[in-house]
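In the two assemblies presented below, chain A is common to both, partnered first by chain B and then by chain C.
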Partner chain A sequence: MIDFVSQLPILMIVLPLVTAPICVLLGGRQLTYILALIVAWCVFAISLACLIQVNQSGPIHYEIGNWKPPYGIEYVVDALSGFVLMFVSFLGAIVLTYGKASIDKEIPHSKHYLFYATYLLCMTGLMGMCITGDLFNVFVFLEISSLSSYALISLGKSRRAPLAALQYLILGTIGATFLLIGIGLLYQMTGTLNMADIAGRLDVENGGRTLLVAFAFMTIGLFIKMAVFPLHTWLPNAYTYAPSVVTAFIAATATKISVYAFIRLIYGIFTPDFAFNTQPLDSALLAMSLIGIFIASAAAIYQSDVKRLLAYSSIGQIGYMLLGIGLVSVGGLAGGIVHMFNHALIKGGLFMAIGCFALRIGSVKLDDLRGAGKTMPWTSLAFTIGGLGLIGVPLTAGFISKWMLLTSSFEAGRPQVAAMMLVSSLLAVVYVWKVVETLYFADPSDAAAKAKEAPMSMLVPLYVVIAATVVFGVWTDWSAGLAQQAAEFLFTGAKQ
Partner chain B sequence: MTPENLILIAMALPLVAAIWVALFGKIPNVREAGSIVVSIATFAVCCMLATHVFADARPSVTLSEMLPGFSISFTVEPLGMLFALIASGLWILTTIYAIGYMRGHHETNQTRFFVCFAVAIFAALAAAFAGNLFTLFVAYEIMTVSTYPLVTHHGDEKARAGGRVYLGILLSTSIAFFMLAIVWTWHLAGTLDFKPGGILELAYRGGKIETLGLAILLGLFAYGIGKAALMPFHRWLPAAMVAPTPVSALLHAVAVVKVGVFSVLKIVVYIFGYDLIRETGVSEWLCYVAGASILIGSLVAMTKDNLKARLAYSTVSQLAYITLGAAIATSGSIIGSGMHIAMHAVGKITLFFCAGAIYVAAHKSNISDMRGLGRAMPFTFGAFLLACISIIGLPPGGGAWSKWFLAVGTADRGMWFLLATLMISSLLNIAYLVPVPILAFMTPKGAERQTFKEAPLMCVVPLCITAVGSVLLFFFADQIYDVLLPITEVTKEVKS
Partner chain C sequence: MIAQMDIGQALGLYNYWVVIFLMMTGFYMVIARGNLIKTIIGLNIFQTSVVLLYVTMGKVKGGTAPIMPLDVGHGHGHGHDSHGHEEAPHHAADAADHTMLQHPLSGRVGEAEEGPASSVVDASGHFTGISEPSVQLTGFEDAAHSHADTAHQAAEAIYSNPLPSVLMLTAIVVGVATTALALALTVRIREEYGTIEEDEILEMDRTA
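Let's turn to the complex of A and B:
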């Protein structure tokens, strides 16, 4: 009899992967939904169990088929991946719980079983990228998550949805190909695909041009996937035209996983010494992220569609995470990691609130949302709280990550970065306030005046997420504490 | 009851009032009775707390610690206690006045009004009791946000425009400057606690920050606390005058603006340590900026015909007195500043009460229309005259003492130019305040007699009480002096 507990890491991936085709075979709407829901929550439970185990007894290494690495594929759950796995699976599960009514309305009923199957596949891909210790496997899972998200986006009701998906497909494929080229070069240099093994064999000091080219390709490839300015062009359309549920899920998780892969790339393979001392990536990251934050936030101010507004805000927020990496300190990295988590909650919550508006009002244009604060008070309140988190108001999760980034930039001797971060959050004030003012202080539009409050099935999960953004703004052991551990783990690992 | 519990009760009571008002919004008499009872209870609790604090106790409560050394905590010291007493005491009168005003004026949305009002008072008390910079910042922001619906109460385009200026200036200065200064302080001192003698001296002596840096930090605080309305960031205060008069009275003459100058004073005393400020001379520029603010504010006030606008600019000018006292940083000027918070509060609230009473009774807001109105409203204009005397700083008005201490402070530092500024400003005060009652009492021959009556009793009684209070303070100034003396003494002890 196999020890069940030791099989948890593989179950996290296999469970949704296997359930997806079962959904297709079963067909039907209700049954597949329930099945997908159960699996999603199971995956969350497993990831939570793994995280706790990592906290107690150190990283878990799982060898698939008992093939010893570097010959076989290895799954690794450590402080960082455990943390990321936990929140990705949580958001995957909670968004699915919330989404029933919205899915019923926005997606043709005949395609529901396909939707749930694709959703699970997408989740599998994201989790897989996170857990695997094999570089080629990262590419495989990246493609699984990407292909399924193209499909999910194209399900949007708008006629522009397929176009947006195509746009994403083209850029996403370029990104993935770049990553693959980089992997190929690394394989050629070291003859292995296991990340830890590559790190051991790679001579970063005398790697020469091949190493540099590999690094550049992989970095740019991931930048496209995480929509770093100016490689962000696929994102606004994809987020705007995708079904609400898909937007909530992808916005909360997909770009963060790429940030995670980027952190792994630097700390797990190329070493921070190579990235930040031999190559000036830290200055480049700071410059790019600040420019990105300012331009994307400014662009968000001028959007009339709230989904698009939040999409631009996402591009800006990715900048904060890269900023944390670019500060090259434990505090900065921890700030970046915790911002991945906090922003996942905040953006997830905001897009969930937007989904409620879309359900009841039928549009998320600012003009149509006028005065919705009266008819949909709970959804509006949730949006407001989430918006405060996005700005980084104290007592919300957003503040904690901003605070860590601010103090770290002072410690890194870059107070001007802190000043610019604060000025940039003023832009966030403007675009959040624009929506809040529309909701509460404008004369009601016809659609908003007739709207009812969203159903409880959506409100309850929405408020779970929104409450989490407040809880993690006050008690930070499970967010900042874990991120701090992960950052310390990465730094000590890199030094060895 | 322990003083620690009293702190929490004092802050909880306004929130109780807010909930009560929200619950019984449909039954105005029950709603208002609750407001009055709770406001009296709050004041009583503050008085009980004051007996401990003025007997040299420094009760302290920590609610939650978010990151190590970074917490929401409250510590009561004399300056904060005095401010809490003023705010809670005047809250009683304002509540009574507001009931008379809102009903006499048939305002809509009275429930929202009283809820936001109570929350603002909660924020004022939290700021008064704040034990560290972060708690102060949170209270400051709660106050900004909770007063926004009060400013935009009328809901028309004018109110919304005023609200936008209000929120825009207060939020952006607090995020861009105040927050930056807090992060910087944390970086320098490793703590944010208010400590007698300040927390920055060590960093300065240790060479972690230059004199110029210290001056910039002080500037970030002085301008970051936009509620102190130091020019050129004063525009929000006149903009806030679109609010109903009780709001202008309690919030924009007492709670909101006083939170601003109180914070500046507290930061000078407990973060920098006023000895450090005086010895390094980092505040010299601030003295002159405050001096300019005093003069320009008075000059602009003279040009305003709208009574509330004139009072608003007068407030801008009077607030700069308090900032000036903090910047001069002698023990006398610090006490003078603390006193002026009390003296100006009582005087200015009377003036605003009068402006509101005139508006309710006669629907007049321009000074030029008030000719001869004094015969019809003798109590209102009598009170106005008494309060004028206090604001100008003539005996037997309370303001005489605080201005005396401030003037002595400038003389101590040999700042003769500023001494002259203070004197000229007093003359200007006479020029723009005294004509109002004189004009009202002198009916020119042949003019029509004004046929208006006094405002409702609930409006007139509170304003008479505060007017008498502003005179009484002249005779009881030594009590305030004794109470405030410990703040300056502790500093010396720590130093030796």
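Let's turn to the complex of A and C:
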């Protein structure tokens, strides 16, 4: 009898991976939905169990097939990956719970079983990227999640959806291939693919040009997947034309996982000393993220499509996470990590609210949303609370992470960065207010006047997420506390 | 570093030059071509260059495919399967057995009268070829020694690193999946817009 508890890390990956083809074999709309839903929540329960175990007894190392690392592939759940796994699986599960009515409306019924299978695959890929301790495995899981998200995006009703998916595919593949080149060069230098083993063998002081090239390729590759400002061009179209459920899921998770992989890359392999002292990555990150925050937020103000508006806001928010990494301090890194979590909740919640509008009004253009606050009060309220979180108003989750980033930028002796963060929040006020004003204070459009409130099946999960953004804005033990632990873990690990 | 590299070295790295050439060709096609199919082809070339990069880094000079040679299983010394000049002494020993077998055999073939000549000649050729070193056997112990070494080397032959090739099998699968998905999307784009020129599609979106 195999010890069940010790097998939890692999179950987290295998369960959705195996269920995906089962969904395809089963076919049928309701059955596959229930199956996918059960599996998604199981994965969340497992990741929660793993996180609790990590907090009690330290990192979990799972050797696949009992092959000892570095020969075999190793799965590692530590403070950081456990935290990320937890919120990714939570959002995966809650978005799926919320999505039934929206999926029914936006995706042809004959394709539903394929949709659920692809959704599970996407979740597998994202979780796998997070849990694996093997560098090549990261690439494989990145491609699993990417390929399935291209397919998911192309399911959008708009005829522009396939082109948006293809554009994402082209850029995403270039990014993934860059990562692959970097992995190859690292392998060439060390002869191993296990991340911890590479870190032990890599001579970062005398790595020379190969090391530099590997670092550059992997950084740029991940930047493309993260949609960092100059490499963001795939994101607005992909988020705008994807089905609402897909947008909510991908916007909440996909880019964060790439940020996570980037943190792992710097702290787990190349060491912060190489990235920030030998190479000027910290200044580069600060510059890129600040420019990105300003340009993306300004672009968001001028959008007439709310989905596109939020997509540009996402590009800006990625900037805050990178800002945290670029500050090179425990506080900054913790701020970045907790912003990953908070932004996942906030953006997930906002896109879920948008999905409700899309269901009842049939459009997410600002013009059509006019006056929806009267006919869809609950959805509008949820959007407003989420929007406040996006700005970073006190008592919302967004405030916590921005506060952490602010204080650590003062500590790092960069008050100008803090000042620019505050100014950039004003831009967020403008674009969030623009939507809120349209919802509450404009004359109702025809569609909005006829709309009725979204069904409970969507509202309840929506409010779970929105409530979470408020809860984690007040009670920070779990979010900020865990992020702080993770950041300390990374820093001490790096010093060894 | 490049300054120190002489032409011989630069040419010796020709695999890497090919990799870079392919990579840049593919990358350029992706960026510069507006036709979706050409973009996808470019993407494919770009991915393939990485396959070559990995396979090149796994190649060991003089290395062979990591497949266990047959005679390793037979143990040392029995040079029967590997034909080399140094192995002649043992061949001679084996040949002694063969003569016992071949004599009655050739005799039988000869009696059958069906194309016997060639096989007899073969057999006799075998004899002459072996009888020469068998004479030397007593005098040349070195030959026997060197034979033992080669058998050893056969067991510990130089192999190329198989891991990069295995990794690339995965990458090729990923590449195939990417291409398939990209082509499927292109089909749908063409159904929607009636063209696969990116400029025309964007123009149609702008006016629509």
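The rule is simple: the second predicted complex is superposed on the first by the 496 of 496 C-alpha atoms of A that agree within 3 Å, B and C clash if a C-alpha of one lies under 4 Å from a C-alpha of the other, contacts with A are read in each partner's own complex, and residues count from 1 in each chain.
Rule of thumb we're sticking to: a contact is a pair of C-beta atoms (placed from the backbone, for glycine too) under 8 Å apart; a residue touches a chain by one contact, two chains touch by 3 or more.
Remember, predicted model here, so these are calculated numbers, not experimental data.
Engineer: Touching A:Leu166, do we find chain B (first), chain C (second), both, or neither?
Structural biologist: The second partner, chain C, only.
Engineer: In the superposed arrangement, does A:Gly208 touch chain B (first), chain C (second), both or neither?
Structural biologist: After superposing on A, A:Gly208 lies in contact with chain C but is clear of chain B.
Engineer: Applying the document's definition of touch, where does A:Leu147 land relative to chain B and chain C: first, second, both, or neither?
Structural biologist: second
Engineer: Based on the superposed arrangement, let me know which partner A:Phe136 touches: chain B (first), chain C (second), both, or neither?
Structural biologist: second
Engineer: Output check: A:Gly184 vs chain B and chain C. Expected answer is one of first, second, both, neither. What do you get?
Structural biologist: second
Engineer: Is A:Ile174 in contact with chain B, with chain C, with both, or with neither (first, second, both, neither)?
Structural biologist: It touches chain C, and chain B stays clear.
Engineer: So, does A:Pro444 touch the first partner chain B, the second partner chain C, both, or neither?
Structural biologist: A:Pro444 sits against neither chain B nor chain C.
Engineer: Could you list which residues of chain A make contact with chain B in one structure and with chain C in the other?
Structural biologist: none
Engineer: Across the complex, what residues on chain A touch chain C?
Structural biologist: Touching chain C: residues 136, 139-140, 143, 147, 150-151, 154, 159-160, 162-163, 165-166, 169-170, 173-174, 176-177, 180-181, 184, 187-188, 208-209 of chain A.
Engineer: Under the stated contact criterion, what part of chain C meets chain A in this complex?
Structural biologist: Those residues of chain C that touch chain A are 1, 27, 30, 36, 39-40, 43, 46-47, 50, 53-54, 57, 164, 167, 170-171, 174, 177-178, 181-182, 185-186, 188-189, 192-193, 201, 205.
Engineer: Spell out the part of chain A that touches chain B in their complex, as residue ranges.
Structural biologist: 393-395, 400, 403-404, 406-407, 410-411, 415, 418-419, 422-423, 425-426, 429, 433, 437, 441, 473-476, 480
Engineer: In the complex of these two chains, what residues of chain B are touching chain A?
Structural biologist: On the chain B side, the touching residues are 64, 66-67, 70, 134, 137-138, 141, 152, 155, 160, 167, 171-172, 175-176, 179-180, 183-184, 186-187.
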